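All chains are identified by letter, namely A, B and C, in their written order; residue positions are counted from 1 within each chain.
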Amino acid sequence: MKLFARQTCALVKLSFIELWRRNDIFALVLLGLALMVPLSMATPFGADGASRYLDEMALLLVWGFSLFIALGAGQRLFPPEFESRTIYPLLAKPISRGRLLVGKYIGAVAASWSALAFFYVLFVASVLVRGGGFPSEMPQAIVLHFAFVALAVAVSLLGSLIVTASANLSLSAIVLVGMFFFGRRLPEYAEGLNPALSWVVKTIYAIAPHAEFFDMRQRLVHGWGAVDGGVFVVVLAYAVVYIAILLSLASFALGRKRL
Amino acid sequence: MSECSDIVQLEGVTRAFAGAKAVDGLSLKLKAGEVMGFLGTNGAGKTTTIKMMLGLLAPTSGSVKVLGGDPSDPRIRVHIGYMPEVATYYPYLNARELLAFYGGICGLDAKTVRSRTDSLLESVGLADAAKRPLKTYSKGMLQRAGIAQALLNDPDLLVLDEPFTGLDPLARIHFRELLRNLKERGKTIFFSSHELGETELLCDRVAIMKKGHCVYQGPVKDIAGDGATNLERLFLKTLGEAK
Amino acid sequence: MNAVGRVLVTLCGIALVWCLVGFCSRDVERMPQVVKGEGALAVAFGDARETISQACVHKADSYFHGGIDMECDHLGGHHHDDNCKDGFHEHDHDEDHDHDGAEHDFFDPWRWINSHVRAPDVHRHLGGGEAVEMMPWFWASVKADPHNIEAWTTTWYIANNMIKDKGLALRVVAEGLEKNPDDPELLICRGRTIYDNGRGEFAAAREAFSAAVASAGRMLQRVGSSDEHILQIRDFAQAYLDEMAKRGARQ
């Protein structure tokens, strides 16, 4: 257990250093500022007092950036190890493939969470600067967002062991963004299709990761209040089960990878 | 460490990829404190053999025992140090962080890692560049960082894949001295190489591979004559390339 | 790929997602084949500008409904806290949006989760000063397509009737008329704001309504005298002129 803890700590630290030294986060923050500062200075038709659109845009950026970070972190866990051949000295150390997978996953998630926490600090600061309050739904929204990031890392990690980097990033982004925006509408689409296509869409609806479950942006922006505690737990359980399945598949894929 | 005097024991090991045998019926023994050079042309099966010795690949048939156990068992690998042929390592880390990372993977505590890091960086000549990101390192410097990580857990068995690749003459001399010191400390060293001169200067025994088969095994001292050229002659003769 | 490259890819991604959302939420077949407007936006987006503009109106509509997308969020069994008497939107507010059971004879856990996470318990509308929250979306809408008259008139309606800021309403109309000179609907909006102001500026109001009648007349000549929409506009402006004439006679 002590060995596993030390190994996990080392892998977490590696992910942190890599993520924060890559400067992606700072580039994203600059991009966010470049978009948000002009928006926040706009007074449409000279009308003051509108703030929800700023919250909404800022949260959309936080979501987009966190997805970008999470997919990148998941993708970078194994393929670069194979390309640079560092997988050999790593697996020649006293660590099994399963432990390495779990440790690396925890590292990528922790690093992505740190970036997400940084984005939320900036978001909350911007809300407070504009004279807004700290929404009561915020902690719940952040926890669900963290769960989404963990899910996105797992999706990307599994993809990275099966397809090429570009294909993985594209497919993972399409699946997660697609489900985020259209996931809940899939049954309606399925209704109007021929039986075969309808079955395909319904299957996608059944098994694809439902990114939209974790999206509480509208609740935050429009003050709907917190999600019912039971539902909150169910969504977290969904994330845990889904991540466990993805990691199991990833472990299988890594185990079959020829070194 | 195992009580068994044979640190490495390969018995009739065969490894096939899609029907083609990369290693065919290889038997090899390496005693404690021995230095063995593993020679052969490209594609002879040297790296595949090394991967099987490290538990990275399972043999198709035959048995591989390292330090008295199965190398796929992480507990056995605690006592093995390995340096791959060419690795670019993690570009955003510096040498100190790289060793701290591998120390963590080996399960070493922070204090031990720190003390070993200082002496290892000094001995491989990277002390001055210890805080520079690895992405700024030359090939030779990366090779030295690789040697340092292989030695970090103070292994009983050191497996090196083409360790002289990319090293300048001065670094080679330093590295040779380093390996000699390790040998004097009783470490067992197994390395593959194309550098016949270095091999002859360092090794107690050599094994020569050809198309997956071990075509020669024997002590270096049995090769009569005058130094490196003799091993070269033996190598060419064994491979059937001698004119 | 370096950091700058990633930023560029991200920017393109955001633009793509934005267009996709707008594209999917509107009627594609209604897109005009002629590029409207000028400048960089027209070059960059072409016909998509109308779609983007409508998507912004759609977004403003969801803001009015407290964040509920009325075309998509049929999920929750939420009930209406409905004091909507302003006529801003045209949705049927009395229907129950809960489709569960009617369409599915099995329990759909994903729908159940969505119905709890993505739908509020109570359906509220923006009212009074809060309506200013919709303004940025309408502003974006008319920026995207300055010829979206529906967006201009709705913006005017919110400023005039919900926020009750006559100055703001007149600014909206003035800007709309700058982009769409002599548009009869916008002229009527201007006339109504001035007329309802109660400061006796009847001459200015009459001028606006007269201009609306004349403009609608010209449009009828251009597109044919049977266009019901334009006829209604003309009749509406004329009705105001008649009412003002009566009031003027009484006074």
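The working rule: a contact is a pair of C-beta atoms (placed from the backbone, for glycine too) under 8 Å apart; a residue touches a chain by one contact, two chains touch by 3 or more.
Just so you know, these numbers come straight off a predicted model, no measurement behind them.
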Overall pattern in which the protein chains touch one another (line/ring/star/complete/other): line
Of all other chains, the one whose Cα centre sits farthest from chain A: B
Dominant chain pairing [most C-beta pairs in contact]: A-C
Chain centre separation in whole Å, for chain C relative to chain B (CA means): 73
Mean-CA-position distance for chain C and chain A (Å): 34
Where chain A and chain B are represented by their mean Cα positions, the distance between them in whole Å: 41
Multi-partner residues of chain A (each touching 2 or more other chains): 22
Interface residues, chain A side, partner chain B - complex: 2-3, 6-7, 9-11, 13-14, 17-18, 21-22, 84-86, 88-96, 99, 258-259
Complex interface listing, chain B residues touching chain A: 17, 51, 54-57, 74-75, 77-78, 80-90, 92-93, 97, 100-109, 133, 146, 149-150, 153, 159
For the chain A and chain C complex, residues of the former touching the latter: 22-24, 26-28, 30-31, 42, 44-53, 61, 64-65, 68, 173, 177, 181-185, 187, 191, 205-206, 210, 212-213, 215-216, 218-219, 221-222, 224-225, 227-228, 231, 234-235, 238
Chain A contact footprint on chain C (complex, rising order): 3-4, 6-7, 10-11, 13-14, 17, 20-21, 24, 63, 66-68, 72, 75, 103-104, 108, 110-111, 113-114, 116-118, 120-121, 129, 132-140, 155, 159, 163, 165, 168, 171-172, 175
